[in-house]
Structures are given as C-alpha cells and as structure tokens.
C-alpha cells in the first residue's frame, strides 16, 4: 500500500469515484463455471479488469502418502500470478506475497468444503491470475468457490468475496487498483451468505472503530451481491441460460 | 504444530469445558493477555533490540540501520522491513530449511501491522533522494514457543524500534559516509499494538497460549495505533467468524491494545 | 505425461492400426494440423497478447515491453526473451515447483524458433547504446494440455508479438523516461511458423494430439520463415529418423507452415 | 547465435576456412576409450579445441525406487561445463542450456542402448566439458557412445556426431566456435551409421530447403568419418595399437 | 582474515592489549546451563561480547528413517547467526561459512558424546549466535557441551574451547574481533581436559614452528580455564549457587 | 564415502594390523606421500591450469583471470577465490546437486590454505582503485577419487596459479579495456603446500589413500609456506589428537611440505 498520496480525485463532489462508480457500486463482474477440459472443475472470473482462471482437481491421492490424513481430506491452494498479469513483468518464481495469499484463501475455503467426506485424499485448487487490477484475492476466492462446486466437491456453502475500503474519508465497496494504491484503507472480505460466516478478512490502512464496523457491514452486503452471480454462473452451466 | 491426535482432542475438550464456565486453562480472563516482560538493549551492538516474553513465548528482535538503495519508484522514502524466523531450538517440531507458509504469513503480518500504522516515518530516512536512503531492518527470532507469535514478535519489533538509535550519513563523493557520534532516535509517529484473538467454539479469547493455539478454530490479529484506530487485520484458521464476533474483536483490540501500549511506553522510557 | 501403462499400449496399437489404413484417431490427414483459433488482445493491459487453441490445447501468451540493461557485449541490441510454463490446471499430471527438463526444452525451442528467424529486429530496440535498451518478454502459459505444446506456444507468442504495441522511451537524465501516447508496432521482419511432426512406427504425422504425443517414437519441430526458409529445428524422443524422413519433414514444414502463416496474418489484421 | 556479423573472413577465395580447413574437412579428432579408474566405462575426446571427459556408471540400482521402471532400464545423462571451460568463467550452477543439452543427448543415445536388457536399473552418463570450442554437444555425444561401449553396456550401434553448417553461403562440415558465432547456420547431427538413423538433430540459423538437405547429407557423411575414429578408439584399448 | 593492516596498537609497550587485557588473559566469560523451556537441554554463553544460545533435542527419531544408523546414534549440529548479530545485517540464508563451522563443531563434539548409547536416534544441537565478536565457534562449542550435558546426553567429557593467536609477534590467549581482523594469526582450539584430547583445531595466519607449538600450548591451558566455568555452570544449575 | 559396513570394518582391522608392523597397505612409509604427477597447461584456453595425480586421485584446476568489482571495504585489492567440486564421474557414490558440507569444507580449506599464505599478492591486482580489480578464480574439479582431496586440490590450484598468465587491462572510459598481448605471470610471493595427515589408532600417516581415508579416526591438514612457516590448519574427523600428536603433525607438515614444494617448482619451470 506504501504511499497513499492522493494525486488523483478519488471521490468527486457528487460522490462519484475515479472510475465512475458510486460508493456502494461494485465493478462489472462476470463469472463462468467450467471451461477447462482437463480440470475436474473450473471457473473463470472477470472482476473489473481482473481476469482469473481457477482449475480444481480431486479428490485424489496424496503423494507422498504421509502428507495425507486418515480422518479428513485436505485442501491445497496455489495462488499464482502470470508474469504478464501486472504492470512490470513479474518474476516467475513464487513470491512471499503469493504464498501468503495462497494460505489465506485456503483457510477461507476450508469452512465451506466438507473435507471429512473424502478422508486420505486431497483437493487441489489452482488459481491463475491472468490480469490483475486490485482485489485479486477476492476475485480468486469467488471463482475458486465456483470451481469447487463445478468439480462436484461436497460443500456447506460457497464463499463470496469483495473488498470494502476507504477513500477520501468515505467507506466504499470494491476497491480498485488506483483506490488501493492512493486510498486510505482496503479490507478484503470473504463471506458464506447462507452460513453467515466471515472466512476471509484482512485490513491494510487506518480506520476509526466506527469506520471499521461500517466497512465490515458494507463488505458483507457486497458479498451477498457476488453470491447471486456465483449461483447464476452455476445455474447457467448446469440448467442453461434459457431458464432465465 | 498442526497435527491432531487423541491427546490434542482431549486437550480441546478440556479447554472448551473450562470456557463454558468462563475460565481458561491458565486462570486468565478471556480478554486477558499473558504477562509481558520487555528487556530492551538485549543486543547492544545492534542499533536497537528487545527481548520479549509473552508468557512462555520468547522472542528477540534486533534492528539494523544502514544505507541502502531506494526502490525505483519511491526514491524519497527510506526502507522498513520486518522479518520473523522460528529458530529450531524454540520447539521440537520446528524444522530447519526455507521458511514454510505459516512463518511467511507470520513475518508478513507482523511487518504489515507496523508498516500500516506508519510507525516509522520513512520520509525522514533519505540520505540523497533517488540515490541513497536509510534502511531499517527489524529481524525477529523466536527462541521459545508457547503460542501467539504474532503478538510476541510485534511487541519485540516495536520495542526494538522505539529504542533504536539511528546513525547519520552524509552524501559525499557519490556515496553515503558515516558521521561519527551523531545518533538520533528513529522518527516515530505512533505505537502500533497487535492483539491476537482465538475463537474456540463460540468463545473469543485474547492471546492464546500454546495449548489454546492448537485448539483454536479460527483467529484474528488486529493492530491498533496510538489514536485508538484500527490499522491492520488478518484472519486465519479453518473456521469463520460472525459479523458480530468481528465487531467484538475490533472493540477488544482497541481496549486491550491500549493497556499493552503503556507497557511498550514504559520499556521505551526504561531504556533512556 | 511419459508413463507407459497397459492402456497406453492399447492406445498406441490402435493408433498404429489406423495409420496403416492412412487414418488418424481424430480423422485428420497425416499432414493436417488441428483447427487453430487465435484470439488477440486477450490480456489488454499487456503490450500484446494472444490466446491460442490448437485443437484442445490452449495457450495464453502475454508480451511485456519495458526498459532493461543490455548484455555487456551487445549494447546495440534490445532483448528478446520467450518463456513457456505449464500451469498445473492444464493437466492432472503437472506438478508445481521449478521447471523440469521437458518444460525447459519447450521454452528454449519456442524461444529459438522465433529468435533464429530474426522476427523481432532487436537492433531497433535501443534507447541509449550500451546503457539502456528495450526488452521484449513473451511469456507463454499452457492452460489446457492436449499434446504439441511446441507449436501452440509458438503460435501464441508469434500472434502476441505481431499485435504488440511498443511504448517509446527517451533518454533523459541518465534514465529512460516514458513518452506518453507514442506507441508503435514492434519492428517485425518475418513471421516464423513452427511445425511439429511425430513419428509413430514409420508414419510421420503433423501436430500430434495428446494421445498421439504419448504414442510417438520420436518427434521433430521445424520452424520456417516468411521466405519459406528453414530457420530452426529440434529433434526429440527416444528413436531416430532416417535421412529421407528428415528431408520429408523439411518439405512438410515449409508446406504446412505456409498455410498456418496465413492464419497468423489474419489474426494480425483482425486486431488492427 | 546472437549477432552473425562477419567481422572476419570465414571463407576465402580459395575455399579455405578461418582455421585453414577445407569446407568438408573436420577438425582434428582424438578419441581415447577408458582412462578413468572409478567409472565403469569412460572416454576422453579432443575435437578441435574441445576437451571432454565422459564417465559411465551402471547398470545400477535406482534411488528412489519409484523412479525405476520394471519393464526397462533407464538412461540418465548429465552434460556439465567446468567453470574454466569457456571464455568468461561460468557460474557453477547448471544452466538451462546444460539441462536442455543433457536431454537432447539422452534422447540421442536411447535408440542405441538396449535398455530392455537391464530392467529396474539405470545407466548414468556423466559428461564433463573441460574446454569448449563450438560443437561440444556433438563431441560429447560421440565420446558418450564410446564410454557406454567401454562400460560393456549392450548396444545396437554407436552414435557418431558432428555439425554441418553454413558460412559465406556455403555448406560446411564441423562448425567451429568462430563459425558458430559469425556464421549463418549450425546443424548438429548425431547418427547411427549401421542402423542409418539420425538420433540427434538441431538447427539454429537460416537455410533454404536445398541447403537444408545438403547440410543433412554433409552431416551424415561426417558422422561416418567420426564413427571410424570411435571404433578405432575401442580397438586400440581392447586389442592394442599394435594391431594397426 | 583478509587485510591484516595494523591501524591500531594491538599490544602496547606494557604488554597490554587493545581491550586492556594481558596476553594470557581471557575475556569475561559467563555460562548459564538451561534457560530454554522447550529444548531438552540448553545453555547460554557470553564470551566477551559474544552472546550465544544453544538448544539440544534428543535422542529422538530420525526422519527420513534411512538417515539413521542401527549401530550408533548420530549427532547433528547447526551453527547459525542471526541477521542482527554482525556489523552489517547478515542475509538469513545459511552461508558456506556457517555450514563449514557446523561441521567442524559437530566433529569436535563427537568424541565427547557416547553415541553408541542411543543407536537409531539423533541428537540435535542448535547453536544461535545472537551477537558476534570474534571467536564465536569456540564460544559456541563451549556452550554446546554444556547444553548436551544439561540434556542428560551421556558424555565422556566436555569440550572446552578458546582461541590462541598472534598479534605484534606475540602469542596471546582469546583473540577478540579486532585482533582477529588486524592480527597475525588466529587458532581456535577445542579440548577435552579430562581425556586430554584436542577435538577442534583450526589456524588462519602465519606462525613459525615454535610459535605454532606455543599457540597450541597456550590454547590448551586456556581450555582448562574455560572447563572450570562449564562445570561451575552445571553445578550452579543442579546444585544451586548456594553451594559455592 | 562415509558409510560403514562389515567390509569397511575388516579393511580397517587389516590397515591397523599393518600399521602395528610399521607398514601401510600400499607399501609406503607412514610419512610418505603418494607419487605426485603434475601436468601444467592442461586447459590451454584458461589463463592457467594443471592436472594433478596424487596416486589414483586426479584433479584438474583451471584458473580464470578477469576484471571484477572489488568488495566495498577492500577497493585496493584484487579478488582471489578458489573452489572445489567433486564431479560425479569421480566415484560411484558422488551425487549431483548442490554441494554437501564435506565438499564445502574441502573448497574452503583449500582456498584458505592458499589465501592465508598470501601466495597471490592481491594488492597488485587493481585496475582502478575502488572501481575495478582483477579477479583470480582457481576452480578445482575432482576427476577420479582415491582419498585426500585436500592435498590434491591444493597442489592443482597452486600449480595452476604458478603457471598462470595475467592479461593487462587499462581503465578507459570508466571501464576496463583489455591490452592485447601484454601478459605477465601472477604476482606470487610464496608457494604454499598442504599436507594432510590421518590418524588411525595411534598412528599418524601422511596422504591417506581411499581405503585409509575411510578408516581414519581423525585428520589434520596443515599448510606451510616457502619460509617453512605454518599458515593454515584444519582438523577434521570424529576423534581428537593429543597435544603431542598435534606438535608432531606440525613438524611432519614442514618436512614433507618442503619436498613437495620442490615438485611444484619443477612443474613451474617445466611450463616456461
């Protein structure tokens, strides 16, 4: 987040943000369930200018054997950015940031997946960020939930995700790249709307205790919007778009 | 430190039973941190240092301050980097080798809590714009493990930074030259305090010890600054929180953090 | 993707039986490539990009163009580097971790085919001689695997390069400064086309699909340029070719390559 | 191959090359079978200024076990350059180039080795380039064949190797370092003369279709010359030089 | 040791060294047995400005199994410096120097440990240099012996260690950092006083054959001093300071 | 090369029995090194080189001399770096991959023996103070293993350095420019000789061969210079030495080293 110097107008006098959105308006979100031929399940998401592909394999055997668990299945998640996905070409080796986000997304998905239904085996979730534009972890988590469902993995709920944040002393929904760089706070939230549980939560940037509560609230409501798009994507694949 | 066994299960059952009676295994209140002992200047040859005991968890932080090259796009700012490492003597399960994801997360969360509070004013750490800046490295090593490394490392780094002495460098002949004897404290703007809360069943507990850490369903680490604002948060663990719980954790972090901030101030004063 | 099993053996027997009747498993002629679909500008924020389907094999290439330091002995030339990576979602057998020899070979062969054709005129990519040049990085990622990654990656990289926009940098105050809004196409001199042929028994087939790839005895990848000359070749696999077969493969690569070059030109036009 | 700017005369008006050779003349080639004491088989080659040592171990057990194959033996090849073998000191870590050449040489040797005669085991070929001068992979492959034969590994044929190429619009045999750097094309060829099979083939540089065929032809003929030297080296070791 | 240019007076006309010591006087040494809660045994040493912590685990199982030895226990030693322990911040990756010192200390401890008493298992010695000031390997070896004893590992003797050296053409005991940098020779010695065996010995710097013998002699005598402090540290822990 | 088996035990018993009669397995005296053969200029394109046979142990050393950047705090000195690598063809037990601790120790001990003798006067290897110096890299590769690599590598490096030719570089336009044809020998001040002694039972033997190496209880490598002074020492192995033995080893190293130094001088003369 480094320098938060506001060299651009992040919010104008009419409450319009730098990309023309209102404070509580998410970016354009397009989710597609399926698409990959070799993966057991997959999803593709465009979340603003983010473009992310997720493939799921499993449940399948674990090698080496001693990494498996006789009582429960295990979930493995890799979040990975393509060299061309960001402004300056990214070094192909996994960064510490990618390793941390992989772990955070894994722990956000675990409450949703019925791991005890497939002991001794693993489910692998491979997340590929093709183009990044702020909020990749939320977009990735959203698509990963759809890909898991597409793979037929038994689930308690799906995790929907979006970031709340603060620019120009105002709480906003769905922080884009410019707002993340020049804004005051970014709070990615992952939420299971049916089970009403927050499974991913992070915050960078300064919030008063009141703003903090408001951000959580705005984020949870945003997740409910995203959830509808997740369900629609699965519906479109399995029951066709004609049903609409 | 993540394996589950029959004994772990029994331990968790016991911990939950006690929580239902409003009690914790070591007799603390649910929102009570363990005793914190801060010994500054533990490594006199470093620019700053602290040894912190959080119950039976022990961390040493050493701060090194030295000239460095700025990042290409921020030539008007010094560097601040905070790391954390689990020494293999801290627990029988720790393995040597490259850091595993939990340790990478630990280091990044501790770094971010301090960085996002803007504790160290890096704009004052420039020797020559775009060419040479001052780098501040706060390296934590965990010496004994009994849960909640997030807070122990954060307190050690904060105490070490609060008591660090910065040398002065002049820009001479295209390189930074040390000006002997001109040491000043680091430019500090606020004192961040990290408070980690575990969720076991439906109970939220502050500063989980080792046994509680193994039994947690989920955790959240919240950092607050001297103004009582919230500046960083990280949720972890394989379960979720309700919105109410997250709001409650925010309140606890402000309240408990304020008390701990006083301890850090005392340590700072004690070292002068 | 190299293990042999009973099913693999049966598959190979079936493929050979069909070849003896002049047929392939998917109905193609022996010297017929699969359908090629090229979608340019798939990654709008990159300087150039393409998504290529070669049958059920899918590859995305993104091109990044940015200032870099020249190699010490070629200060009058820009850099061109082409890579390839198998994403783990492309096939259940792909493992994460450092690239294995087959992927290193893939990347180097794709790079060499384009480099040796002199497609990108790197002598025009100099910002300040010996100090700063333009680097062109064409990174391929394999998204779905069904054999013949050599050609799929080569087409993706070529299509991405053909449609790339190069920013302009001026040399100001000893560093490259971006001149906003002055984008031009890359300096392109020719369109290289890679054609990979497999040998199964005594049959030479163009563009082997996944099942054919596992059944091949040997393979050869030949790249031709817009003049119909041959500019790069790589033999692979655990068997050999007769001299006649190698001559025949050269002829096929020129003939089939010419057809595929038209597809690449169409993709280039389509993006303008 | 980078810059092919001809700052020197690669071919003069009398058809003589920069090192005094005729267009179809190979460099001086010296092959010795054996020499190493601990290896099961070995060979040393001087091919122009290339100096390459090859040691072979096996057939021997494979660790870890699951890397072995119950139906066939496996061949493992490592091509490695010493830090002092090239103009500027080489970093000791294996380069991507060395990894690729190891694979190419392995696949060039496999058709010659009767792998099915030693299932479950491995044969290791270690190639050490002591001094490099253009054409190391051909010299290495040539020596590796002799070392395998010296180790008593059952073989169908030996692979002989040499490069054809193009300088000053003329097809030549055995490209040296200067010709590789400043010339127009380099085509390393590995060939089994008895079985008449090309097992290594690569090309860097531009050839017309006619030149392409000519290069292959020149290269194959060159391999036949090299083959005689391979056989002589083995003969010298096992039946003595006195027999000549 | 690099540049040995004497920019400071290492030994004055009264035979006093740069830090005020006499030629045969060691720095202040403080040893504490125990201290760590999770380790099976531990020790802390301050040796001049060196501050070193040692933790011991074991005997315990070896993973992977094939690294264990059915006839004997194995000793594993890691010598590691903290990033903040030296003048310029140290890169956290293990250096070649640290790997060598780990091996040297391991081989210095092995003669003291009754490895045959715990076959199939391993004892791990983890050495952490918190602050370095010349002579870390001697201080580390001294503390490691105490930590092994504290862990109850059966031992034949303890290894005591200190460096002899040469400054201003004079043999000295216990080389500090300045003397190591600007002096003429540094000879770390590890010695088992009861068994009268030298188990660690290194030398950097030029000594005449006579000086060489004198250094060994001075070092051995110094080890006997250190040995008393080791025994006292264990006594203090197990029988209390009140016994003194 | 460190595993113990029944055969190893029998071998050791046999070696000890012979030593009790004052004999060694290969008939040498206890303080006698194996035959040393030194072939200089083995790698003509390197700046210096040597192939050394110490009995059946064979090592090749190549020296590369090239401009480099000085270390920040020693801008008035060139670089000297000596390495050692066990090639996998040198013995069936050698594995490829990153160097293991014994090989790291080997390289560091060989480097230190030469470095501490001040054999190469690095103060004469400066092109432009603080900016550019000459780096001398002596890389040893072990080609055949039969024990005592310390001495074999040391002799190979020393012989290669003694016969190296140093090019001259001028400092022109802020970079080092090669002055063609102006080669001189390296600035050599002394000839270090490493002598490695093994301890088996209570016997000290010079230059242990492979079988003796496996049977040793401990070892010590001592380097002496042309003045007969001792300049480096490294003890190794899982047993100790008495003070008397260490004194005795010092004497042996001076005496045996002097003889071997003559061989190195001959090799130097032979190459001129």
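Letters A, B, C, D, E and F mark the chains as written, and numbering starts fresh at 1 in each.
Definition applied: a contact is a pair of C-beta atoms (placed from the backbone, for glycine too) under 8 Å apart; a residue touches a chain by one contact, two chains touch by 3 or more.
A quick note: this is a predicted structure, and the numbers were derived from the prediction, not measured.
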Key: Intersection of contact partners for chain C and chain E   = none
Remark   = In terms of CA centroids, furthest away from chain A sits chain F
Remark   = Chain centres computed over CA atoms; the one at greatest distance from chain B is chain D
Message = Counting only Cα atoms for the centres, state how far chain A is from chain F in Å.
response = 58
Ask   = Taking each chain's centre as the mean position of its Cα atoms, how many Å separate chain B from chain F?
value = 48
Key: CA centroid of chain A to CA centroid of chain B, Å   = 27
Request  = Just say which it is for the chain contacts: an open line, a closed ring, a star, complete, or other.
outcome  = ring
Key: Chain order, ring traversed from chain A with chain B following   = A, B, E, F, D, C
Remark   = chain F residues touching chain E in their complex are 4, 74, 77, 101-102, 104-105, 107-108, 112, 115-118, 218, 220, 222, 225, 228-243, 246-247, 250-251, 254
Chain E - residues contacting chain F, complex = 1-3, 71, 96-97, 99-100, 102-104, 107, 110-111, 187, 192, 195-209, 212-213, 216-217, 220
Key: Touch list for chain C against partner chain A, complex   = 42-46, 49, 56, 58, 60, 62-64, 66, 83, 85, 87-92, 96, 137, 139, 141, 143-146
Query = Okay, in this complex, where on chain A does chain C touch?
reply = 36-39, 42, 49, 51, 53-55, 57, 60, 78, 80, 82-85, 87-89, 92, 124, 126, 128, 130-131, 133
